[in-house]
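Look at the two complexes coming up: chain A is in both, with chain B in one and chain C in the other.
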Partner chain A sequence: MTGTLLQGSSLRRLRLVVAIAVVVALVTLPAYGGQYTLTTFIRTFYFGFLALSVGLLLGQGGMISLTQTAFFGISGYVVGLLGAERGFPFPLPELAGLALVAVVALLFALVVMRTHGIVFLMLTLALGQICWSFARQNTSLLHGWAGIPDIQPPSIFGVDLTQNANFYWMSLALFSLGLLFLWRLVQSPFGLALNGIRESPRRMSALGYPVFWLRVAVFVIAAIYAGVGGILAAWSSGIVTPTALQLSRMIWILLIVILGGSQYFWGPVVGAVIAVWLDVIVSQLTPRYNTVIGIVFVVVILLAPNGILGVWERITAKRRALRQVPAAPPDSNQ
Partner chain B sequence: MNQHILILVLNGLTQGALFFVLGSGLTLAFGLMRIVNMSHGAFYLLGGYMGLTVLRLTGNWTVALVAAGLSIALLGLLVERGLLARIRAGGDLSQTLLTIALSMIIADMALAVWGGHTQSIRSPAALSGPVTVFGFTYPGFRYVLMAISAAIAFGLWLLLYRTRFGIAVRASVDDRETVSALGVRIDIIYSLMFMLSAFLSGIAGVLGGTYLQLSPGEDTTILTYSLVVVIVGGLGSLMGVVVSSLILGQILSFSLAFAPQMSMFLVFVPMAIVLAVRPEGLFGRRL
Partner chain C sequence: MKYKATRTTLAPLVVAAGIIAMPMGASAADEIKIGMLSAFTGTFASFGQLQKEGAVMALEEWNYKVAGKTIKVIYADDQLDNELAVTKAKQLVEQDKVDVVTGLVSGDEGLSVASYMKGKDIPIVPMYSASEDSTMRKWYPFVVRPTWTGAQPMDVFGYWLSKVKGLKKIYMIGEDYSYPYNQAGGFKRGFLRGGGVEVTTVWHPVPTSDYSSIISSIPLDKKYDAVLYNGAGSDAVAFVKQYVEFGMQSKIPLLGQSNTFEKPDLDSMPQQIVGAYSAHLTADDMNTPNWNKFRDAFQKRWQHSPSAASEFAYGSMELILRAIKARNGDVTDKAALAAAMHKVDLSDEPRGPVALDEYNAAIENVYIREVAVGSDGVMYNKGLFTAKNVNQFGPYDSKIYMKQPSDGPSSPPDLRADMPREMLEVAKDYEFVPFGK
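The block that comes next holds the complex of A and B.
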């Protein structure tokens, strides 16, 4: 008994050490990582926001939404339109972008939250495609396929974000804040109510929870996460095009979340890190990147529906069980 | 001016005819199996490319049409038996996710084989000439497309409402357990329906590839249109697809003429209205 307790605390200590090592490695990355590594990590952060957005809806609320890249694109477009084209100073275009994301998300939510399951998925797909087709076809305001170029990251409190290292630190800090807020949210009564709704909307409704409005609220919050990611992406890449809203991008993000493990808090993060680096490696090896990703997706759905963290949990649980039960004589269970 | 409006109406009918072939397959598979085949658009694109290749080999458009339909039906059988049937216990969402992954793979492989440029299937010489009715001239192939679509609608109605197979399918929609307890092999019905759905998307690919064009990315556009047709009509309803594809065809045709920057956008407006008023679609049942 004491043995397992000791093991439990040593496991916790190990986890703490690993966590501190990861944090230190991430914070000091600009000192030893190349420009390419920094840029790839920045990509991980802004796609990470998008993955958190999808993960919040899927993991906490049990909803597969295919609209999230639209919010990613909307905030990017507003930053481009107001910042790069009209020259408004720093916080205005970004705040306007997030405000528009919130309004559009609210409107969409009022429609989609009347549905569940597959109908919800189809509807969110169609709504996302509306936004995409608008960005693609509208040449007078959004310049169609060409998009809006020349977007510059601003200077905040005298820190010049056009410097890659500064941009990296800012993204890291923002992403950590995003995670912290999400952690608090998931633990809060609101997060617990969401879990309840995922398991049984009818029962939660009978208990007096405003199920519809709770789902609307989580949809808006998730959209803002995607919107923040969109702003980072627009700053980092300097251009926003209809590609930001594309369905293939949306599917890729969904894969990230499922790959990591949608039920787990860290699932979208683990998925984003793996998928962004896989992206870098695979696209150097073969132009058939989408095929590889698609096959990974199929394998994960068929063999590991709970993702990498699900597999990890199964392995550690098995090992723990083996440790706790001393090797029994082979005939004891017959 | 009247002539112009008539052309737009006929364009809308042509588009609607294509929408029907696409939507009917999707909605039939959904009505029975409760999965939305998200690779429907990829099936369409692959069917079109198959038709393109067969046409180059044989020179016969009808052979290309049938070959494309059959090859996609075979693909549908493999997908249903090999993948979807394996995770039926996992629920309809994981099956739907699987078809999303499949669509990525199929679209990417099509890009590898047929290239990234826009291609078009040449319409059969005998059918492609302009046809003049009452002094009004319109491309003959578009009449053919409408006729094929109408024939498919009639055929599906016969199949579902006048055959034993159709009875089994409709009964399975209502109560799977009882039907299979009565000795009907429901897994075979699933496979056949999914094949039929795939067959229709393959045929649609050749029709669309002849009337419009084939290019990478077309798969997601087509998937979106198909979903809108099915959502507006009501999931699982054949009659719903007839009505919604006629309406959406006209909207697309007129918006392409008068508001080309918003044409796709405008197609979604009826969907939003229908969903706000009747979330189950025009002819759908409450899910």
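The block that comes next holds the complex of A and C.
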């Protein structure tokens, strides 16, 4: 153990250097990246928020919720309805959207959090489908299939977000804040209690934890993450349609989280980056891009059930073990 | 399963790899890029395929070369989803830096993309997207549409049914989105102007596969003269099949909107619908030198007959290439390119002569057709009458027309009594000449 201590700290230093390099590269991206690279990163950020939402419930709470795209859509629709159509100024539609997301999430949670496992999955599926059907079939308010077009990002403190670079910096900052908050959350007693509930709700209940209300709270927090993603998406694409809520998008996000590694903090982020870029790159190479991406997903999940971060961990663990081999006594190797 | 947070540096590495791997849009000086945005996968993939076939045929005739420049087409798949359409339009504009955007199947897709493209100063040539506001209330000079609006053939159709065929009441069942709204709007205006009394409209979500409740709620005691199905694609096939299976065809005759009986969907429909009327800008039995030349070449290249979608794509691509030629291959000044598109001569268009009005929308022939069976036993759309030189405002004055609200699920009104007077009286209405004359 004493021999690896130095190695550990140098590895940590290397990690720090890489992390700083990535941060610098991301912040200065508008200086050297193309317009479309910025746009793709913006997509990564808003789908990233949605992936964090799913990842928080799945990784921390052990819950597979199929309602998360509904929250992504609700905030987008409120921004479209109040901002683009009725002309309310900047923070109002967005705050109203997040407030509605929180209220709806609370109501949904009061119902679904009484259940576990497959019943939970089916209930969240049903609630998500209700929201999607409503968006698709309501033509008087939500314009059905056509959706709400002409949504413009606002100017915040004099910064014009219709400029791609400004929008990129804003969403990068927002995403970093989101990650930071989530990081603090999972390290807090609340996060640890959540992990306990994931492993054994009954035991946590016996220990005196209010299991039901803790699960309700994490559901509302996850919904707000999806809602923030929905606002960014509406601003960026300028339109909100029922597609934002549909089941195939929900499953795509779930796959992204599993692809990255659902039990890792960075899993949803890695998954979102890879999936969004894979889509952009492969769709330029072949019209059968959906097949290719589907095969990639299947292969990764078959060979690496813990996702890409699981594979990475296995590689680094093996390398560490290899390094230790010469130091180990020969007879301990049996 | 422990929560392993700091165990990895992979996430930032992947981000870095993403930046390095970003595709670089290489551009050559002697290359002109056309972005074609359409539904190449998904429920509406057949439309995208038909469009691509028409466009490719035009390009091959030019050998992908205009005025010494090579034409490169970048195909982007939007699955007919409005949000994805905007995302892909961004890709074409920001990354591929295309000189022209074309393609587009549905009305909403066209409106969303045009809304994003506004201010980008790149010409857009919608091939099949028919929402009239793209070349009307929301028009800007970079939009050039040598094809159609939803109302254009339907105004003629409605007027013909009430004025010539003497129908009074129609029951319309339609898909709930902007293109069928626009078709319904044109139909109501024409039908009520020609002496019709009522067009009752019922909308259903897209897509729908089971129409039993919709069909059984058609009121047989209210003396409707016909049922008009205002939908297309797989919805139309399902509706028409069930309409016939329910035995409705013998009780109330069926009419279609422009795309309902279009090929290849018509091939999947039962032969009981022979005699059903519709109106479009093509008919399957056209017999003009331009059409025959196009049809034979198309048949030879793709081994099946062309549909309206492929003809529109052919004509639109032809317009783009001719405009580039008129500019002598110089596409740096996009405003001048759009202006050149406006001036292109399309009098030899296969479906009949086309001219552009002040909003860059087509003035063209509309054909009234009926479903007939050919000597080979296959159904086709047989031309009956032609209304010549129809523009997007129909017989109306453009100012009066645009003063009305945009077509929606409940506008214009269903009843003649509720229709504004100025929309019921026009100086000069259509004249119908027998098809082929």
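Going forward, the second predicted complex is superposed on the first by the 318 of 334 C-alpha atoms of A that agree within 3 Å, B and C clash if a C-alpha of one lies under 4 Å from a C-alpha of the other, contacts with A are read in each partner's own complex, and residues count from 1 in each chain.
Note that in this section a residue touches a chain if its C-beta (ideal position, glycine included) is under 8 Å from a C-beta of that chain, and two chains touch if they have at least 3 such contacts.
Owing to the predicted nature of the structure, the values given are computational and were not obtained by experimental measurement.
> Can A:Gly147 be said to touch chain B (first), chain C (second), both, or neither?
Touch partner of A:Gly147: chain C, not chain B.
> Report for A:Leu121: first if it touches chain B alone, second if chain C alone, otherwise both or neither.
A:Leu121: touches chain B, not chain C.
> Have a look and say if chain B or chain C is in touch with more residues of chain A.
In the superposed model, C touches more residues of chain A.
> Would you sort A:Val220 into first (chain B), second (chain C), both or neither based on which partner it touches?
neither
> Where does A:Ala304 make contact in the superposed view: on chain B (first), on chain C (second), on both, or on neither?
A:Ala304 contacts neither chain B nor chain C.
> Applying the touch criterion given at the start, work out whether A:Ser248 contacts chain B, chain C, both or neither, answering first, second, both or neither.
So A:Ser248 only meets chain B here.
> Which partner chains sit in contact with A:Asn290 here, chain B, chain C, both or neither? Use first/second/both/neither.
In the superposition, A:Asn290 touches chain B and chain C alike.
> Determine, under the contact definition given at the top, whether A:Leu106 touches first (chain B), second (chain C), both, or neither.
neither
> Report for A:Ser237: first if it touches chain B alone, second if chain C alone, otherwise both or neither.
second
> Thinking of the overlay built on chain A, is A:Thr39 touched by chain B (first), by chain C (second), by both, or by neither?
The answer is second: A:Thr39 touches chain C but not chain B.
> Overlap of the chain B and chain C footprints on chain A, residue-wise?
On chain A, the overlap between the chain B and chain C contacts is residues 136-137, 139-140, 287, 289-290.
> Where on chain A does chain C make contact in their complex?
Against chain C, chain A makes touches at 14-15, 18-19, 21-23, 25-26, 29, 33-37, 39-40, 43, 59-60, 136-137, 139-140, 144-147, 149-150, 164, 183, 186-187, 195, 237-241, 243-244, 263-266, 269-270, 273-274, 277, 280-281, 283-284, 287, 289-290, 308-309, 312-313, 316.
> Taking the complex as given, what residues does chain C use to touch chain A?
Spelled out, the residues of chain C in touch with chain A are 1-5, 7-16, 18-19, 21-25, 40-41, 75-77, 81-84, 86-87, 90-91, 94-95, 108, 111-112, 115-116, 176-178, 203, 205-206, 409.
> In their complex, what parts of chain B are in touch with chain A?
Contacts found on chain B: 30, 34-36, 83, 86-87, 90, 92-94, 96-98, 100-102, 104-105, 107-109, 112, 220, 224, 227-228, 230-231, 235, 260-265, 268, 271-272, 275-276, 279, 287.
> Could you pull out which chain A residues touch chain B in their complex?
Residues in contact with chain B: 64, 111, 114-115, 117-119, 121-123, 125-127, 129-130, 133-134, 136-140, 246-248, 251, 254-255, 258, 287-291, 293-295, 297-298, 301-302, 305.
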